[in-house]
Amino acid sequence: MSTLRIDGCTVAFGGLRAIDNVTLDIAGGAITALIGPNGSGKSTFVNMVSGQIPPRRGRILLDGEPLNGLRPDRIVHKGLARTYQVPRVPKELTIDEVISVPLLYARSSRSLPGAARTASDLARYCGLRPHVGTPCGQLSVSDLRRLEIARALACRPQVLLLDESMAGLSLEDTEQVIGLVREIHASGVTVVVIEHVMKIIARLCSHAIVLNQGKLLAEGPPEQVLTDQDVREAYLGKGFRL
Amino acid sequence: MTKFLLSRLGLYAAIAAPSLLILAADRPFLIQVAIGTLISAILALAWDILSRTGQVSLGHAAFFGIGGYGSALLTPILGAALGWVIGILLCGVVAVLLGAVTLRLRRLYFTIATLSFSLSIQVLILVTPGITGGATGIMPPVIAGGSPPLQLLFITGCLVAAAIVSDVFLGRRFRPAFFMIRNNPDLAAASGVPVTRLKILAFAVSGMVAGLAGACYCGLYGYVIPDDVFTTNWNVLPLAVTILGGMDTTIGPVVGAIVLRLLEEAARHFVGGVGYQVVYGAVIILFIAGMPEGLVGYGRQLIRRSRRSSERAPVKASLAS
Amino acid sequence: MTASVVQAVLLALCMAGLYAAVAAGLTLTVGVTRIINFAHGEFVMLGAFLTYWLHTRFGLSPWIGMTVSGVALALLSAIVYRSFLARVLKQDEHNQLLATLGLSILILNLAVIAWSPDPRVMQAPALLPALNLGGVTIPGNNIAVALVGLLLFLAMYAIRNHTRYGTQMRFASDDPGLAMHAGINVDQIFELSFVIGGAAAGVSGGLVALVLYVQPTVGVDLVIRAFAIIALGGLGNIPGALIGSAILALTEGLISTFVPQGGSWGFGIAFLILLLVLVIRPSGLFGKQVPA
């Protein structure tokens, strides 16, 4: 399984440091959670790693290969994919057309999870119920989230960053997505889950990384990290229970 | 696959049919109108190809003119075939150069840059009278020996060629990627699409098809001045045609060219030779606000709706009995 | 030699005032609503024609003409916004651009039909006394243009940064969804910014009538320069527009004075400057780096 290494990275907007000299390793053996209060830099982290915002300093290495400074589409070719929190897809395109884009453009020798060969296979694997010919304008939010996961999987990534893919989903849908994420991980993909619903983190992830104000605050198993005093203070999370 | 090919061939036949009918009718006035309309359609197709990536060009007159002047000046030296090919390729090269600089930027700046470019290039012609004839113009070789019916036949062929190119970019390889670039370029990049490179490709192809239209236009009457090709008319026309007919389609610009030509003739009748472009402005506003999918898109919606209601009807009957 | 350089520079700075006024109105609207109003130039043109007409037909002073134009164009902006822009705002950016483009073409050609494409000159008396410094004379109207232009510009800046509406505008432009939740009537704020931009366009039109030919195409000329200025200064950056105006006007002015046949190079210059800046710094000389 692939490892992602962040080495002394800083992202700054003018004087504000959204990511402040962060060094961490994401190994493939666990599903890793990236958590932190609002404004801690989680979204910036994803944008930094995926190439949207290059770090001012530091290196990002995927299995030893540097990713920093590359264009986002080059980073996808290297094997890192991310989902978008708010999926905005052209409403005229159908489900399989959206999934077909990475299938065509993110060329890779890696195989798709779940023995999927086509866009409709991937759609089914991700639990997309509407017919693949349905235009995206007619999809529900949970369908759009699944489509995002399918689209990111179609990039055939070695490392997958899921940016709040479960926010706002029903209990049933959340269950199904949790199952899907486990399956994706089991197929050999290193998964990083950016979430702020603690119960999901606790169930899904065996390793958690906490950011606060752009700095690495804590790392470790979720139960340990979530009971850490510093982490609790950062969240001002009174009365939180696992 | 064969069904797809047949539908495409049907489309091209439908595009060519009106010309053939007009040729059969043998009315010189109609032939001239048809020639003008077809050239507009080719230019509009060129514009639409680029518009699918979300880039609005206000400078297609530049490519229209470069293709026209290029082919006109090179044909006496290199022969018609090579002269046209190089003239059109020149448009592609210019597009790649301009695009490499401007396509990375906000869409607004690209639009302004194309407008500025097209207004500036006329100046270039005017200050190089030695090569380009300057303000006095040039005398391009005439297509098909000046015979209007043969010209119409040739230009119809060019339109079908442009339609084929348009269809290639509406195929599986390009359409979803182009639409994604238009709607959410970050998402496209996050899907492995080389966004700027594809935009440059679309721009180059768009420029070359526009150059083809220009080459056809310059080859009609044997005499062309810069004002004939480098005017805002050719910048605005493809927008109006495509929005009227239906963006993101191949048949849309063709339908739009025909309908707009009719509207233009009506406007010219009432308003005279100056300011009739008001029709373009009115068309654009009315359709963007009221019918953004254009005539073709609206027609398709109607067909879909009638198909759905006819599917429901038998069910109702059986429930009632 | 020095005298003519100084003259050229001062005249150019006066013109910069006009450009700044046009660009400021535009950058306010675009920065807030994100609607790229191509028809802004045509609004300026309408203001120019109105001021011209009020002076030539009724003998009204251009001061009055400018003010009336400002009000008239503010009204027109409100009408345009309510009747058709509000609907287009719901569509995607691609269509919005096309819609204001259509409006621009419509207004321009209606003007051509109504008033013919011929350029007109408003023979207005000097609104202010001319300035005589050594061998250099700056006509009073050019000074008036510079002053009013600068004032308009400062007014845009003040509205955006020092009024309650301005704060709401900035909030609404950054995050319309959030602004709505905060109780801001985003639609109203958008309309207001559009109307203010229109008023600025109207007054700028009055300035145009003072020092330029009044003709239907004057709007296109100005809007291209306005966008070049906005690119130079950075989108939404009002002080940047001032510096951008100065750079553009000085370059144009100096070239047209000292390069033979340089006067017809206006477009070329605006274009080249635009390209140069955008190659070097895509967010403008003073634009902010926008975090994703």
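Every chain is named by a letter (A, B and C) in the order it is written, and numbering of its residues begins at 1.
Just so we're on the same page, a contact is a pair of C-beta atoms (placed from the backbone, for glycine too) under 8 Å apart; a residue touches a chain by one contact, two chains touch by 3 or more.
Note that the structure is a prediction, hence the values are computed from the model and not measured.
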Chains linked by the largest number of contacting C-beta pairs: B-C
Greatest separation from subunit B - chain, by CA centre: A
Centre-to-centre distance between subunit C and subunit A (centres being mean Cα positions), rounded to whole Å: 45
Intercentroid distance (Cα basis), subunit B paired with subunit A, Å: 42
Separation of mean Cα positions, subunit C and subunit B [Å, integer]: 32
Numbers and ranges of subunit B residues touching at least 2 other chains: 182-183, 186
Of all residues in subunit A, the ones touching two or more other chains: 52
Two or more partner chains touched - positions in subunit C: 292
Subunit B-touching residues of subunit C, taken from the complex the two chains share: 30, 36, 84, 87-88, 91-95, 97-99, 101-110, 112-113, 116-117, 224, 227-228, 231, 235, 264-265, 267-268, 270-271, 274-275, 278-279, 282, 292
Residue ranges of subunit B touching subunit A (in the complex, touch as defined): 172-173, 175-177, 179-180, 182-184, 186-195, 248
Subunit C partner contacts - residues on subunit B that touch it in the complex: 51, 54, 56, 58, 101-102, 104-109, 111-113, 115-117, 119-120, 123, 182-183, 186, 236, 239-240, 243, 271, 274-278, 280-285, 288-289, 292
In the complex, subunit A residues that touch subunit B: 50-52, 71-73, 76-77, 81-82, 84, 87-90, 92-93, 97-98, 100-102, 104-107, 151-152, 154-155
